[in-house]
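Both complexes below contain chain A, partnered by chain B and then by chain C.
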Partner chain A sequence: MSNHGMSVIVRTVTRFVYGLIILFGFYVIMHGHLTPGGGFQGGAVVASAFALLLVAFGSAGLKGRLNLHWLQSIEEVGALAFLALAFLGIGTAFFYNLLANSGGFLFGASVPAGANAGVLNAGGTVPLMNWAVGLKVMTGIAAVAITMLIGSKKEETE
Partner chain B sequence: MRKAILFVTFLFVSAFLLLGVAEMRPFGQPAVADMDDYFITNAQGEVAVNNVVTAVVFDYRGFDTLGEATVLFAAVVGILALFRKPKEDER
Partner chain C sequence: MTALTTHAPVLLIAIPLLGAFATPLIGKLGRGARNTLVGLVVLVVAGLAALLAVDVFTAGAPTIYEMGGGTFTFPLSGGQVPVRILFEVDSMSAFMGLITALIALTGAFFSFSYWKDRSGSNLYFSLFLLLTAGIFGMQMTGDMFNFFVFLEITSIAAASLVGFRVWLKQSQEAGFKVMAMYTLSGLFVLLAIGLLYGQYGHLNIAALASRLTGSLTDVIALGLLLTGLAMKAGAVPMHMWAPDAYGEAPAPTSAVLVANSQASLYGLFRVLFTLFGASVSTGAVGWILIVLALLTIFVGVTMALIQNDLKRLVAYGAVSQIGYMMLGVGVGLAVSATKPEFGLVAMQGGIFHMLNDAACVGLLFFASGAVIRASGTRDLNAMGGLAHGMKWTSVCFAIGAVALAGVPPFNGFASKFLIYEAAFKLSPFLAVIAVLSSILLLAVFVKAFQAAFLGPRTTAMAHVTDPSPGMMLPMVALVLVVVVFGLFPGFFVDHIVTPAAKALWLGRDAYINAVLGG
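This part shows the complex of A and B:
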């Protein structure tokens, strides 16, 4: 069952929808400092698209699309990037936001006070940490889903 | 006997919960709001972020997020170690 996936209806709808889910997840990560959501939530959305692919197509459908070693490597890179961004402001304090309001091109713009639509190029290390945590969460949960599917499949065949 | 004990326990727990509800403050008026007010007034100026929740999670309380990320990392590593393919000579 897990080898062949689900019915034609589910597979067709999944083929239409999974790209949009991944796009929405990246939107949530990218606008984490402006709209509700952030790295954790957007990463979970992207990982849900991978889980949908796994459920609809089975383990054969993902062969060649997602490499488990690559997923683990990206997860560790995300964790290290998060830690490095935290250490960036160690001159003042751990997790000090060095880049905010610096006026630089890297998320250094200021935000007017009060209700406004927000500035995308602002927030200092916060958007960068959103990306690091988002990459970490999406690859971590995808790796967990793939590993558990492979593990359960092996028990079936043996 | 067992039903009586269960009933008394139920009464006690209900009384405690109802007492807590009766002493609850009105919605939107917490007893101490100094920290909330500080975040709401200063997050845009200090962190330059419109989403105050993200400002708290990744800036003011960044150390807590580091622990959260560590928990996720430990969970992923644990599951990968649990389900990993055993080598031939380890069987």
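This part shows the complex of A and C:
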């Protein structure tokens, strides 16, 4: 893996698809409480877009755009947000779903009984936790990928 | 106050987790802010563990905590089954929580000074708190799969901590070895849980325990659990990772790794007594445990005898002590069908030894860490005359060493004596091996103490001094534990050890009924 990335074909295709991959990852996170997938899976999909960028453009092409310290900080924030959501329900019990069926705007709608197409605005803290996990996983895996790139680059120069 | 006690089981896990993820962020503000946060977290956790222990010991019955609760009241009634993740804390879990709190508290405060002049210590404290959270989780949970999750959390955190000093080649190797062995043990446990879940459709320990039939698949699951958890506890012949891990990890972490091994041992005891207590032949399984225990004691001590590396020597000593716990509880398990008087004594000895071992081994690791830091070497042949410069450290090391070897009036004697007595009743051979190994361990520490601390002051070691008060205070705290527990063993055996021993030995029905109803 060189600093300058791969051929012009790969870079062009990457430019074309990486936005779509990120969008698909966000979709998987957003619909985690309705369809297969969720925070971890969606976060991994988004991180794969970062990994694709790393491979296609090399570390030189990424300079400044993905900062390791920022990624790590966002990762911590994701984990803390997850715990904070779990603490929301401590009045009843840890992880108690305070927002479900509250009728509010924030995922508080009630789901009708029987077969239905799925209510996106439902689930209470579950979709929010999906976002927290998604944030942690996408930044965490991206940080791992960047760290490995830095590590492999060092060995090349030695 | 009551709300705090109700939520204590989950707060014991949630607060260290919160601390673990907040540490790198708060650490950006500086070392003072980070140390305040970590210190606060371990203090709160220690307080909660004590609160929970008092509550459970006085109630005398297991406490149930339902994650995301509000739907069910416990015990359940009318054929209900537990579907949510439950935390179930009986006296044994609360007792283990006390051990973990003691080690986390002293380990964290020792670390503050130990890592003072090193970079990257934010990550160290993050992993330290993560490991603490995982250990508490293994001890509090009442759910097999949840137990596996916490087991994996401790595995990842522990392997990273062992390999934390990436600038050292041995540290990397030890970290990799620990990662491989812990993963293997985790897979064993996971496969066993899968076998049980496939048959009974339950993951809750109480619900599983009430349904186990003792079929061939159950026995295979038991074998996998026994192997996996004994591997993670560092029992011979699956111990090869333990000396590397304890030896190469930073000194305060070595103490927490011992607490981690004890948590696996707790999981093993929980599985043997509560989960399989009525569905397999406890006599046969007890003897398997006893054989493993004797091997662990003997191999651990004899390997310690030939070490020239101070940290590795203490590490092998720590391995051998795991064997004494297994011997005590194994004797209790072997006779648990007939429940004679000495069975409870054996359980008391084995369980009391967990607490005593945590204090002694923690003290020894702290003291050897201070010695290695001051002298700059781990080789006993290169040391000598350190007592001239390190008076207090040498006293701490000596107390820890004789206590671990089971010399009165220290705490190691109190618990080992109970084990000898009960093991003798089952078979004198067991007691002979146990006593002989203790004497050998004393020889090991006499050798180490003589080589490191005694003799004339050498020119190479002329500069050594006692460590800063930040490192001395945790050591002194553990010395106090060692001495007080040794001088008044009766009080502690009556008030905290006996309830824990009875919860394991006699409390199987109470554990199940607390969830499912009588």
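Everything below uses one rule, namely that the second predicted complex is superposed on the first by the 157 of 158 C-alpha atoms of A that agree within 3 Å, B and C clash if a C-alpha of one lies under 4 Å from a C-alpha of the other, contacts with A are read in each partner's own complex, and residues count from 1 in each chain.
Please note the rule applied: a residue touches a chain if its C-beta (ideal position, glycine included) is under 8 Å from a C-beta of that chain, and two chains touch if they have at least 3 such contacts.
For clarity, every value in this text was computed on a predicted model and none was experimentally measured.
J.: Hey, is it chain B or chain C that touches more of chain A?
T.: B
J.: In the overlay, answer first, second, both or neither for which of chain B and chain C A:35 touches.
T.: first
J.: Kindly classify A:104 by the partners it touches after superposition: chain B alone (first), chain C alone (second), both, or neither?
T.: It touches nothing on chain B or chain C.
J.: Look at A:77 in the shared chain and tell me whether it touches chain B only, chain C only, both, or neither; answer first, second, both or neither.
T.: Second partner only, chain C.
J.: Of the partners chain B and chain C, which touch A:86 in the superposed model: first, second, both, neither?
T.: A:86 contacts both chain B and chain C.
J.: Thinking of the overlay built on chain A, is A:19 touched by chain B (first), by chain C (second), by both, or by neither?
T.: In the superposed model, A:19 contacts neither chain B nor chain C.
J.: Chain A residues touched by both chain B and chain C?
T.: In chain A, residues 72, 79, 83, 86, 94-95, 97 are touched by chain B and also by chain C.
J.: For chain A, which residues count as touching chain B in their complex?
T.: It is residues 32-36, 38-40, 72, 75, 79, 82-83, 86, 94-95, 97, 100-101, 109-114, 116, 118-119, 122-126, 129-130, 133, 136-137, 140-141, 143-144, 147-148, 150-151 of chain A that touch chain B.
J.: Quick check on the complex: what are the chain B residues that touch chain A?
T.: Interface residues on the chain B side: 44-51, 53-55, 57-59, 62-63, 65-66, 68-69, 72-73, 75-76, 79-80, 82-85.
J.: Which residues of chain C touch chain A once you look at their complex with the stated criterion?
T.: The contact residues of chain C facing chain A are 7, 10-11, 14, 17-18, 21-22, 24-25, 28, 65-70.
J.: Please give the residue numbers of chain A that touch chain C in the complex, ascending.
T.: Touch list, chain A to chain C: 72-73, 76-77, 79-80, 83, 86-87, 89-90, 92-97.
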